[in-house]
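Chain naming follows the written order as A, B, C and D, and within any one chain the residues start at number 1.
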């Protein structure tokens, strides 16, 4: 088992004929992900990735013809909100939106509509997810992973890779690694992922990688305190040296009005039973200290 | 028992200090309806109807202070959609909107939001409802009713009074009489009311009063055919002589593209087991013929 | 309220949609001048189209082509003054005749059952959509706009692919579909149709190009929303409108003129239709639909009486009032006052029940009005009175 | 992007909201002239306010009243050139001083947790809302706008009653609240604050009247949406901005200048912050945050190097690249090329892992770069190198 993606994933790549879409779709295919379709309006009937993946004009057609249940979006920011709605309208249960630079107000109605439809959106501006040995969706390099039972959730891209690589190097494998994205408005929050990990019989420990800005880490910690006692938990929070009032790359990474500091988040996570690392390389050792034996 | 309103109704009148609102609130109070509050923004703290009804600035306050569960709206068309949303936002379960002249496109998001909130909207542009002997909400004259067990549902105002008066004169009482309103977009359709009547142990027969335009009568008939076998059913449809393409007073009463004629509706209702009257005065006799013994 | 083609096209242009140029002419000379202007700009043929609010003008001979300004003038002369289904043609639209490659239908309506705006597209353009719906219903593709968010781009693309416009015209089709939905929201329209939406061939600097164009447009507006759109209210065609309609609107009376002899004055739309139905059932023909509305005061009753008597065919009047908000005695006083002033004497049957009916009955009795207890009885008496009146007049 | 008060007020005015007049002055003379103009129109006193993008200008002495044009000029002379929390005052706003009856707070923010726009109002206006939130949180009233439909009027009324503006100012308050939400949507703002929203007393033809006025405004815009608002992008304060910021923006590099000595070049925002944190942990101070983004090509690497070396305080550079989309060999080539061109020689520690890391290692080795295997090691080496460089320079 794993969460969000796994052996049952039947993926459609929205924007498969674009430069980014084609490049990463190829990587996913090579990793073993079952890509059943691509969608690019106006390119229906073609076949992408050396003729291995049929391309459709619309998501509804792609789902009808291939039974796709998951989608991964690589279309430009101006078209991405519509792409999410198209996926959900076609009945896709899990949508990963990799696209970055989507205005936050555009996402407000989208996340609400996805919620109402009972689907799940991960992102936007996220690296995707990998369930090692089963499937990867998005842009996380497949090579850093190892099969195992630690769930990893993060707001970052390369920082996640760093942490996962450190775990893999230490012989600690992952059930699923998820990047939820660094934008202020994202479809899936830390809390949502913790709940999914808690319900996954294969996930035995959890690593949370947060950063400054917002209160999503605190919200997740409050839930973990009540529901994850006994589960080995480790965390890292980036941005201890970040100045107030400046956006640190990610649209969501900003301390404003004295709120959203790393210190607050570290305190909340420690109070909830997380071992908090001062460097991502410490995470494997902290997992062991927390009782993880996998 | 009765449907939508009854002895448990705790009514708040929105727009109680207006001319229409005050006049009809007084009628309702005299009929015995429990009016627990009125709302007029800026008039909070006053008491209306000879000091018998406290007035609040907001619906949320009115509900909190009085436990109101039903509202009746008399505010002008420009403010009425917001008044519906305020009622629903304050937790009101059943909202009657008497206001006429609300642009149809304004109602589209309102009816959807009411649905999502799990509340019920009757109207707009409707006369309200009466559960004889228990409560009346809206503008239907109380004097025409008689307690009994026939459910009456109609798109009209005075035509309903005509039919109800004929029933009362013939000794046939009503469980609840509801005017759903003559606008193209209304919160509660014939079908919804038939379902409520079907579930009401006290309602033993049903009278449906339709008119030209739209397909709500046909939709209700299709459901009745499957679910109301054995229930005495009678109906009347106004507009057999109406010309095509002209709006007959009600915004919703228009035959367009050859659809929505009285003949189609009569045929659908007869096929579903309704006895269809050629004059409202025939309704009592048809109910008897249909097996009604109340 | 229905808009004329030219007004509807103006609203499309306001949304930035592609509509070929046009001119409106009220005389054959104006039509000829317009044709000359378009031809000077390179147009080889113009189309002259009757501007009436009823459908089927093409079949009725109200649409013609012309190859010269003189021919346009001549053709316009034949169309102007035509009677199309009871509507007198007072204006024609003149525009360059398009080189049509293929015709489509694109429309959006306010759908009551789903409580959504539903957009429809079909590759069977240029013919009446009701006809397509009857003959080949599968040829009409539908999507429902979201009640809060409107039409999503992907829904417009789905329609485009369904009708075969997924190629070079895809983006423009999406833009037009969005524009029509935006037009509805901006103007409180409850129906907007572009029929045909056409792929047209146009000369370009590097040979012919094909593009989408809205060649005809039909829009109806939500009457309830007109008060907040005074600029649209001004588009009302006062020429084509019965002058009685304007007076009715002024007094907030719903009035529709019909062909019969029994004038009807009723409170409530449903009851007014029912009254007409019962007149017909009693062997008569209603002369009008008239709803005086709720709480009708004396001046409104008097105006209603003027409207009814303004029709010379009226031979009897049936007044049917079910008092609720409306007080019966007030209507009775209005009737007495109106009868005292009216010039034409027509038999009248009055039925007033409900609020203050007893006082109304007393007043009517004193003024020697013929009254009735039930609606059926009132209809019967009115039909009989009209027959007597007609007999007496012969 | 933060807007200056004057620009923020302009956006309020564009929504039709009540903002007293103002003028912007860049010299004491301009401030005196503006004051003279307002006084000629009947104003008795003007307020002169420092225009800086940081808060707390009042406490810092950046807001003063003046009773004559000469005094305004003098006051402006003192404010212009001030340093407020590191920002040089280059402009002042001059406007009539309002007769304030009572001050309120009204603001709206994009709230991440609820994924809604949340509107807040308080009767404790004129002070920083964070202060109110800490001392008397119950004094702040909140409503969440609907994600599709925006703020309902009734929600605005609830806020008005909660803060005691339910009387004669109710309608205007509702209009202002709606206007702020509309402003957010129209400009992709993620924060808009009117503080104070004030009841002001103004002379009228029939004695004084009281009305609501937006006396100060703070707006921040969503940077992700700026590409579709070129008119707002033009409001960026290039004076107040570090010239390096403009270059960074040109190359699509996220760059924030800090006070330390270790320049950092990293791919990914989270990893860049982590790198800074580890530098600090190793006893150093980061000179900047710098994210070169994904798939960074040689020219972007060179630009990043220029940005870092543009800071004379930089004594060592730490390059940390986790290759994914970004190819390590490409970054290595960019670094080698950049070092060959740079004028200033600063020790550099490079860590490249992930995609094509082996090839990168070979290139860096050949070019004699100091490398590191782990991030912690890289941070330690960079701090040591900076210490050596600082020691050598002394």
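Please note the rule applied: a contact is a pair of C-beta atoms (placed from the backbone, for glycine too) under 8 Å apart; a residue touches a chain by one contact, two chains touch by 3 or more.
For clarity, every value in this text was computed on a predicted model and none was experimentally measured.
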Most remote chain, CA-based centroid, reference being chain A: C
Interchain centroid distance [CA atoms averaged], chain A/chain D, Å: 29
CA centroid of chain C to CA centroid of chain D, Å: 56
Residue list for chain C, restricted to those that touch at least two other chains: 148-149
Residues within chain A bordering two or more other chains: 109
Contact graph of the chains (line, ring, star, complete, other): other
Chains grouped in pairs wherever the two touch, ordered by label: A-C, A-D, B-C, B-D, C-D
Chain A - residues contacting chain D, complex: 77-78, 101-109, 111-112, 127, 139-141, 143-144, 154-162, 165, 182-185, 209, 211-212, 214-216, 219, 236, 238-243, 245-253, 257-258, 262, 278-281
Residue numbers on chain B that touch chain D, as the complex places them: 41-42, 44, 57-61, 79, 82-83, 85-86, 89, 109, 113
In the complex with chain D, residue positions of chain C that touch it: 148-149
Residue ranges of chain D in contact with chain A within the complex: 54, 110, 112-113, 115-117, 129-130, 133, 147-148, 184-185, 188, 190, 222-225, 227-228, 254, 256, 258, 266-274, 276-281, 286, 289, 291, 294, 322-325, 353-355, 374-376
Chain A-facing residues of chain C, complex: 146, 148-149, 152-155, 157-158, 161, 166-167, 170
